[in-house]
Amino acid sequence: MFEYTFQWRQAFRALPQMLEGALVTVQISLLSMVLGVAIAVLLAVGRNSKSPWLRAPATAWVEVARNTPALFQIYMAHFGLGSFGIYLSPFVALLAGITFNNAGYLCETFRGALRAIPHTQVRAGRSLGMGQAKAFRLIIAPQMFRIAFLPTTNQMVWAILMTSLGVTVGMNTDLTGVTQAMNSRTFRTFELFALAGVIYYCIAKVVMLGARLLAWRLFRY
Amino acid sequence: MFDTGLSFNDLLFMLKGAGVTLAITFFAVTGGTIMGVAFGVLRSHVSPWATLPLVFVLDIFRSVPLLIQLILANAFQAIAGLQISPFTTSCIVLALYTSAYCTEIVRGAIDAVPPVTRRAARSLGLTWWQDLTQIVFPMALRVGLPSWIGLTLGVMKDSALVMWLGIIELLKSSQIIITRLQEPMLILLIAGAIYFALSFPIARLGGRLERKWQEND
Amino acid sequence: MIEIENVHKSFGALKVLKGIDLAVQKGEVVSVIGGSGSGKSTLLTCINGLEPIDSGKITVDGTVVHARSTDINKLRQNIGIVFQQFNAFPHLTVLENVTLAPRKVKGMSRAEAEEIAVKHLKHVGLADKIKVYPGRLSGGQQQRMAIARALAMSPDYMLFDEVTSALDPQLVGEVLDTLKLLAEGGMTMICVTHEMGFARDVSDRVAYFESGVMAEIGPPEQIFGEAKTEATRKFLSSVR
């Protein structure tokens, strides 16, 4: 069956470059998460606002982000904007696409977290004489943060895995991009991508474990 | 109105791509759900230690990018000389991917059925299988359906990745037309609209079911 | 003094308060009894401005509660309210729960606030739980914490909205004892309650509410002894 000799040594020789690519992967994911969270907060405020001028674009963003493929969103950034003469590099297009996606999903995570807090908490705070803003800052926001923490870290793992799509728009500095570049040279597809898979797995596990540890330390009640 | 080189045939071509997307989604979700239900039932009834290897393997499907899974599967079948078509390979990979998530959904849904209810059923003389199908299944369905719908839609969107193996699904068909016509925004908007039309109504339905069932409980 | 004059309130089409008149003097303890839906709880949330009123006037020490010009946050510092649901802030320890408002609303220093908090927590019997999170407390303990939290703001008036209704029977006693101590200390209190024993033993006056109207009000001997209205007598006989 196997007329193929596995050449693992060749794959391992590519390891240093792949690890550099892994670093780029983590950097893009982190950046997309930071931006995504910031935008998601704005979107959540927009969706809950009373003005249709704020609600409509926020809802549109979230619904598009959640009902179209992430790859489509990256394509839009890389190819779609070409119709307007805007040519984004693979890096920027990938970042834009993943951030767009993150913001949409995180908005719903935050809104769900907000809904999970009983309205009576605000009443209690206001009965003690707190203004609306103070009650939000001292009582709602901390609880929201706790409820949304684990889903947000899930989204981070998602973002890390999503960066692999960059290779379809020419990204060659992240882990998958680097692996594909090696692949085009040596054609050791299976070995190279198996190794890449292991690296992704390790990164995902480290992030999840780190998140659990952080949650345990921060939310000890 | 506005000039476009887009012809009706091109639209048909894209719709054909959409058809391929739906076909892959169908096979993947069907296979994945059957496996997911089996694994989920297993996980909720058997001790965690016994199912550890299964959990470990399924977890891999959720921790490695789907694109890499497709590439590896394709490379593997080539090496092993199995001559499996890219379409079948994609369906198998996506089915396994689906089953990994479905297992957790099913397990969570079954665990959500109060054990006292199940004990009541057994005390009435129902067999284990009857309890599972008559009591657990309807209750678990309520809990799990919204998540399962979310998973199905997720798989449909992730299916775009199979283009890497050369399959011409919706997004790839759009890209082919873009290469010819150089009107990326218009074509992508149409593709996006198709994705949206496929996903949004079902997502809304899932949300409505979830709310309706929550009220009734 | 709290003055409630001819207050009407509806929730949508449902009329909940139909012309309530009540004056509560400093140091008085007034219990409010009545069936569900009689408007008792709504009255309390109107007094501290959580709910608007349709017509009438509520005045606390001369300040009109629902006037546009009133600084409602300032007013609420002087009116403590404890609800049926304990509303503990789950992300803060017991001590932090009680010191939050004094520090963040009154601007007290941490040391000042903790001194006051510990004093009140001692009074309600929670001195040994100050570093604990509310999730680990029993219902009765959480409710006592809520009382200490409201007291830490040194209000002149305390409103209690069925504070024992959500508790297991064996935990009710400890909370009622806390309320009794407060009353004996001279706090002005309005207590909406189902605990007839408490209403009879601790109150200066008892008001009976039915369908949004205050059917009768008087000293406990009157209400529980020779009630003037048929409605009151009927209610009490059904409760005993």
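Of note:
Letters A, B and C mark the chains in the order given here, with residues in each chain numbered from 1 onward.
Here, a contact is a pair of C-beta atoms (placed from the backbone, for glycine too) under 8 Å apart; a residue touches a chain by one contact, two chains touch by 3 or more.
In this text the structure is predicted, and so the values were computed from the model without any measurement.
The interface carrying the most C-beta pairs in contact is the one between chains A-B. The central chain here, found by comparing per-chain C-alpha centres with the mean of all protein C-alpha atoms, is A.
Measuring from the averaged C-alpha position of chain A to that of chain C gives a distance of 47 Å.
Mean C-alpha position of chain A lies 20 Å from that of chain B. A separation of 54 Å divides the Cα centre of chain B from that of chain C. Among the residues of chain A, none is found touching two or more other chains. Contact residues on chain B toward chain A in their complex (touch as defined above): 60, 63-69, 71-72, 75-76, 79-81, 153, 157-161, 163-164, 171, 174-175, 178, 183-186, 188-189, 191-192, 195-196, 199-200, 203.
Across the interface of their complex, chain B is touched by residues 1-4, 63-64, 66-72, 75-76, 79-84, 157, 161-162, 164-165, 167-168, 176, 189-190, 193-194, 196-197, 200-201, 204-205 of chain A. Residue ranges of chain A in contact with chain C, taken from their complex: 118, 120-121, 123-131, 134, 138-139, 142-143, 146, 219-221. On chain C, the positions that touch chain A within their shared complex are 48, 50, 73-77, 79-81, 83, 85, 87, 89-91, 100-101, 104-106, 133, 135-136, 146, 149-150, 153.
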